[in-house]
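The structure that follows is given in the form of structure tokens.
So that you can tell them apart, the chains are marked A, B, C and D in the order they are listed, and the count of residues begins at 1 in each.
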């Protein structure tokens, strides 16, 4: 991996790190009508939609960072199409705090379905940008390390296509029932994290 | 590129990464009068000025980061004038979220022209700081790698002058019609991004 | 330490740096009824709960960063369980600004006990994630440098267990008296910082 | 400079970069009563105290970063006292956005003197932490590169003492007249920046 890749990686890591940290700013300190310990306890428990949104978004962004990490390790150089596709990925990663805040505000209200669809729909667009990033890297093996087998790329491509399908399904589900769509999302998040947990570390270099 | 340049680059990258990520904080979760899915959908669509401002600013800052990247690659050492001119660039880069928020708030209202002029005017000042940065680097080939041809620098300088002219024109246009000024801005952004997309990667080292 | 560890460290450092810096955003500029120098002075002094919360949280996060730093220095490679446990640590580190803001808002009011318990309780969860991180690293010496003695790990493990006990005790204390719980917390923070201050630098490599 | 120093530097750079970028969040988009281009123009001009505070704080933090940079270049290793003194510096650097926001809000109002004194007083404390950092580094040449002459350290120490004296004087001036204190501050900032601008780059390694 050359110096240019290093700088692209460092910039991307910075954006991921900031986006994941800004999520917390969307949880607001509750205002109390009666200043008592009990009231504060009730108000904090009432923030469960914020905590849930924060929790899901955090792990989605973390997983996206790990995927980004994994993909960039296969790359031997940077060119402008890669930089622009990477820019699209980062555009969407930095966008995540906003649908998270919308979900935090409206989860559990009569506007749950729209909030959940907007939230899951964001991940559809993110999945599209990851597919574009992969294409910009893997087209004709343009930027890949020479010794990589096509099967390694195929496996990643299949994962990305599957992710896109899951997010699209969950978005459609949200129009019927927001909790169902979110539930599918969280379920798959759990599956992916536990798959990763068991996976041996790949040593591509 | 020596260690000092590395630290300057890392600090600048950090500032670019944070500025580009803070843009999202300016989009506020809409407040609903009637808590329904339809109302939230309408309210989210009503945020188009915020999304548009976010989108434009993101790619402008990304392009500025790529330019910064490209320029710093030509540099072989850091001195204090370079550090101060770089400081001016960063001052303006970190400023971008504010005019973006102003545009997000007032685009589509009777105050569109002023908001757009303020927004485009910010890029005029940014273009000035980039020209100052280039001057601090290229004056007498002071800090450039020895083997660089003058034509490479000339090409960058011409691009910077052209960018300054475009932003100045779009600012003036805004006083007549804000959408026209913004349109020119977006048009040139598209041109620059697609030029970059086609450009072969320059390998100056 | 290999390149992968380097990137994990850099990402974690970014998250720590951002979380520690976001703390200040929770202190709000006071609004004055009467615009006078005296009124502003009084209002600024009235922010003492915010300053105190900021101060404590800053040093807790700094200490956590130093601990993270110290632990990662012992590691010779990264695998997915380590990445996920590290993710849990970062999830909780980025969460810190929220209980800090709650404490800043309600310290000194009749809701002090709940605010303090929520604040101290957060550190209990953080201590748990650190223990998980240590376990993911040290289990069967899986990811440790070969020459490390078991006593070095034992010492760290004992410190982590002790920290967990302290935070749990202070949380329980808060249900009785918020100031007592916070006081224990601050006391131990002072002890740990002064222990570190005297400690010779360990050179494990 | 060893790896440990590198990680301390990277963490500190991250904190500086974030603190300098968060300054912009304190400038709020003006709310208009009458939605017209003229009204927005007037409102933006009315933000001059925010722009001025932003501008001064940006360059003060930039200068502090350059000083930090310069000092750490002389260091050959890191120990815990250095880490804690560096922590104090960072505590105060991340604090800067708050007094900046206070100044932005109250500059030009009858509460100017207190706001300016609070602002300048912050820099007094920052100057104290820099003196502590220098002491932790230079005491008995503990952590310095062997070939450094005492005069280099003496020169830095004199600069730090002078900075402390200037900030203390400007704070005292603020109690008499806020503009006078701020004026002294800005004047010295200009002097320091122009001195740096002329200074040949020191090559200590």
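Please note the rule applied: a contact is a pair of C-beta atoms (placed from the backbone, for glycine too) under 8 Å apart; a residue touches a chain by one contact, two chains touch by 3 or more.
Computed from a prediction, not measured in an experiment: that's the story for all the values here.
Centroid analysis (C-alpha atoms only) places B farthest from chain C.
Put simply, the C-alpha centre of chain A and that of chain D have 36 angstrom between them. Averaged C-alpha coordinates put the centre of chain A at 25 Å from the centre of chain B. The residues of chain C that reach two or more other chains are 10, 14, 18, 22, 25, listed in rising order. Contacting chain pairs (ordered by label): A-B, A-C, B-D, C-D.
Taken together, the chain B residues at the contact with chain D in this complex read 3, 7, 10-11, 14-15, 18-19, 22, 25-26, 77-81, 83-84, 87, 90-91, 94-95, 97-98, 101-102, 105-106, 109-115, 118. Contact residues of chain C toward chain D in the complex are 1, 9-10, 13-14, 16-18, 20-25, 27, 29, 32, 35-41, 44, 54-55, 58-59, 62, 65-66, 69, 193, 196-201.
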